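One chain, subunit A, links the two complexes that follow: it is found with subunit B in the first and with subunit C in the second.
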Partner chain A sequence: MKAPLTRSLVWFGVLAAGLLGAPAAAERGTLNDLWNVAFAIVLASAWNLLGGFAGQISLGYSAFVGIGAYTTVLLAMAGWNPWLTLPVAAALAVAFSVIIGLPTFRLRGPYFSIATIGVGEAVRVIASGVEFTGGSSGLRMPSGGFNFISNYYGMAVLALFTVAVVFFIHHDAFGLALDAIRQDIDAAEALGVQSTRYKLLAHAVSAALVGAAGGLFAMNFQYISPGSVFDFRLSLSIVLMPIVGGIATLVGPVLGAVLFSYLQIKLLASPALRDSYLFIYGGLLMAVMLFEPRGMVGLWERLVRLRSRQRPQAAEA
Partner chain B sequence: MEKLAGVLLSSLFAAGLYATMSYGLAVIYGVMRIINLAHAGLMMLAAYVTLSLNTWLGLDPFLSLLVVAPLFFGIGVVLDLTIVRRLPRGGNAPSMQSLLLLFGLWLVLQNLAYLVWSGDTQSILTPYTMTSVHLLGESYGVPLLLVFGVSGLSLVGLDLLLRRTFLGKAIRAVTQNRDAARLSGVNADRISAVAFGLGTAFAAIAGTMMSTLYAFTPDFGRSFLLKAFCIIVLGGLGSFTGVAVGALVLALIENVFAAYTPIPTSFQDAISFSLLVLVLVAAPNGLPALFRGFSRKALAR
Partner chain C sequence: MAAAPLLEVSGVGKRFGGLVAVAEVSFAVQEGEIFSVIGPNGAGKTTLFSLLVGSQRPTTGSIRFRGEEIAGLRNDQVVARGLVRTHQIVRPFRDMTVKQNVSVGALFGSKQLRGEAAPAKVAEVLERTGLAARARVLAGTLTIGELKRLEIARALATEPTVLCLDEVMGGLNPAEIQGAMALIREIRKSGITVLMIEHHVHAVVGVSDRVMVLNFGRKIAEGRPQEVLRDPAVVSAYLGDEEGAAA
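And then the complex of A and B:
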């Protein structure tokens, strides 16, 4: 279901004003939190392109974060300007998305998801074992030349760009093809939608965005290791954010990203909660699947429907 | 030659455990068309329960199977009645909703283990942990042999249950065609609960046995879950002899790679995961179907 254009523009405008205007008003601590929100929006919205609109639930997206981050660090260590490494990070993520997409997109539904867990784990195991990634001890960015504010703007612009890209794809024939693939892949193929091509394309676009975000992640944290960027838990939260927010909607992943970043900040602040974050993640996932598979967006729509049903009754009485 | 015999024997021993952990997935998949991602969490939980029984009561891990397996059968039945049953039934193909629901359950189980037993690496030591037996010029740990024996017994038990009892007949009937089974009077919902219990019990048997072989943490079991998927896909989803063959094939491949190639053992998991992807792509219906396809093509010629 497509939201009216004006409503989409309004919330996009609010999001843009909030993210871009914040450095003028907020302190460094708040900006750090907002950086995390922007990072989460990129991951969730980009994943939603393939996992939501095309319905191909991938549980291996940390591979793209990792590839982007390692590309940036390795090239920066070779003397590149970190900003110039971002297109390369995106390009390598795209290349990898095609390499793993070609075989795995022959699989359907849950089989695809399981294969992506396998891909993600294989990548992590290999990255911890080979030399050039620094093994499990990780790599450090060359020091100097780091400016948090410019990195913040980079991530904020990338987040807005991601939402805009997803918006345009959603309102394009490409988006219709993805919708058709999600709803009934056989019917879509029968109508001439080349499903593998569209899945590969959606995978590539989202991989590019996530890869670039991985590069910015490496620049911001200055240190990466296979345990941080290829972690299964990262893949996990990338999947959870759009699902909890509202899968296959524009605003859902953004809502999910904001909710999760907020949760994360709360979790890090309190030791009791930090030990039970998997309860919260797992419980949320189970609750969404059992009660409202369309997440927060579905819940909202249910509320709206309930209110519009009550109003005529109130008028009669 | 002797090396080859050693590799074959190691593969056979490993295959016993692999088959046990895969049968649980296969039973649940067959009856309910659900891919149980919580399988890894249940294996991990069983390992911790075994640990507690061992430290509190001094119960031997293999003897504790008599407690753990029925306990987890009950847990499985309760999980089906309270959670899994609430999902809309997704026809003949497994639904994304069930996959993600059980994924959530896995996370909750991990957190539960973390809160109860902390995140430290645990292992179970028994008087025979360090003892070994010489066979064909290689030495094998006693726990490994016991695991192989128990695996064999439990698989024979499952086979007898499925082939010789009325309940087993009903389970097989629902696996083959749920609607037809219901038309002939099988209570498919009750069979689903039993199947989920059986699958959970087998996850627990595998988990308990693993606790005698490996150290474990709340995160334990993910790589074994992927191996189990690899096996049931190799063997053809829902075919029980196929699962045994699949387990043997995976164990052979792993051991051959370890023995004859310079690839370090830390990459062993990467091999099985790549194999998983390869098999899923080349033979989504399993090796038996692939062979049937080949012979059909050969006959057509």
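And then the complex of A and C:
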């Protein structure tokens, strides 16, 4: 079901004003947190295009973060302006998405998901083993040229762009094809939908966005290693955010990204809870699966329905 | 002299391991015909449809549609050429509205309609199938009669040359069957060739030009509906006798 257009525009406007207006009001620490929120929004919303709308649950998205990050660092080491490396990071992520999509999209449901775990892990192992990536000790960006405020705006704009791209696809024939593929892939094909083509396209678009985010990640942290950008736990977080927020909805991944970033910041700040975040994420996931498979969005809709049912009674009393 | 057939099936077979679902079936459908496929449960009718549209690959044989070999093409490629099927067990996109369901056919069917042409086609098809009043309802909430019509509506929206209807009358009441028969005649009148699987004998006799009978995956009869139904082989296939059991 599509949310009304005006409501989508309103929350998008609030998000844009918040992210772009923050540097005028907030201090560095808060902006750092908001950078994390924006990064999470890109990952969650882009993943939702394939995993949510098209229903292809990929557990290997850290591969795109890593490919983007390594592309940016390696090109910067070769003397490139880091900003100019981002399109290349996106393009290489797209190329990789097609290479792994062609064989894995022949698999359905959980078999596809399991294959993507293998792909993600294989990439991490390769990146740890070969020499040009610096092996398991990773790579450092060339010093100089670091500017947090431009990095912040870069990620904020990418987050808004991602949400806008997903919005337009959702309201286009492409989005309808993805919906059809998720709900019944055989029926979709029986009506002429070229399922593999649209899955590859959704994969490519989301890989481009995640790859660019990986490049921005490298620019902001200045140091990357297989353990940071190719981490399986990163792949898991990318999946959990849209599921907790509301899978296959526009606003769900954004809500999930905000919640997760907030939790992460709180948990990392408290020594007692630092190592328990996977436990808490797992608990959240189970709660969503058991009580509200449509996540925070579903919870919200349930509350709205409850209120509209109570209102006439209140008027009578 | 008859024109070259629109759809020419020769020696088509499908084997699942040791089970022969469809064995060496040949037939030809002329443009503008209503051609019915009947037979007892498990005769291979639905499998035959799956082979025609490419949702399953035939093990043997050839399928020529408008002179072109289509055996081995994917389902979506066959739809693009104008051959589409409905499903006996309805497969609506339950979380989409009726209108969105039909839009999938209009947007990705043989014409790949874009811009204003798609909603116009959708509105026309909803009107023809009597679903216009239900356009904004979620498909998951429709009755079985409406779901059967939605199957037809989505297939019509792909603008097919040949429409394969798989038991669209199953589970309908007599009034709905009358409505479905009228709809099938109207579809043929609009220039679409109809291939249908049907159990309802009155409907088959009432609308078909020709009938083919399958039993255990083999064609046992073909011809005008009244003649075919009197054929001893057909009678024994349906009612069973010693000869039928031995064969």
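The rule is simple: the second predicted complex is superposed on the first by the 312 of 317 C-alpha atoms of A that agree within 3 Å, B and C clash if a C-alpha of one lies under 4 Å from a C-alpha of the other, contacts with A are read in each partner's own complex, and residues count from 1 in each chain.
By definition in this document, a residue touches a chain if its C-beta (ideal position, glycine included) is under 8 Å from a C-beta of that chain, and two chains touch if they have at least 3 such contacts.
This is a predicted model, so every value here is computed, not measured.
Could you say whether A:Asp179 touches subunit B, subunit C, both of them, or neither, answering first, second, both or neither?
Touch partner of A:Asp179: subunit C, not subunit B.
Tell me the contact category for A:Arg106 with respect to subunit B and subunit C: first, second, both or neither.
It touches subunit B, and subunit C stays clear.
Is A:Ile117 contacted by the first partner subunit B, the second partner subunit C, both or neither?
first
In the three-chain superposition, say which chain, subunit B or subunit C, touches more residues of subunit A.
Comparing touch counts on subunit A for subunit B and subunit C gives B.
Considering only the touch criterion stated at the top, classify A:Ala190 as touching first (subunit B), second (subunit C), both, or neither.
Only subunit C; A:Ala190 stays clear of subunit B.
Is A:Tyr223 contacted by the first partner subunit B, the second partner subunit C, both or neither?
Touch partners of A:Tyr223: none, neither subunit B nor subunit C.
Identify the overlap between the subunit B-contacting and the subunit C-contacting residues of subunit A.
On subunit A, no residue contacts both subunit B in one structure and subunit C in the other.
In the complex of these two chains, what residues of subunit A are touching subunit C?
For subunit A paired with subunit C, touching residues are 1, 173, 176-177, 179-180, 183-184, 186-195.
Residue numbers of subunit B touching subunit A in their complex, please.
On the subunit B side, the touching residues are 35, 83, 86-87, 93-101, 103-112, 114-115, 222-223, 226, 229-230, 233, 264, 266-267, 269-270, 273-274, 276-278, 280-281, 284.
Write out the stretch or stretches of subunit C touching subunit A in their complex.
Checking each residue of subunit C against subunit A gives 53, 55, 74-76, 79-80, 84-85, 87, 91-96, 100, 103-105, 107-110, 112, 114, 118, 138, 154-155, 157-158.
Per the contact definition, I'd like the list of subunit A residues that touch subunit B in the complex.
It is residues 55, 57, 100, 103-104, 106-111, 113-115, 117-119, 121-122, 125-126, 128-129, 232, 236, 243, 275-279, 281-286, 289-290, 293 of subunit A that touch subunit B.
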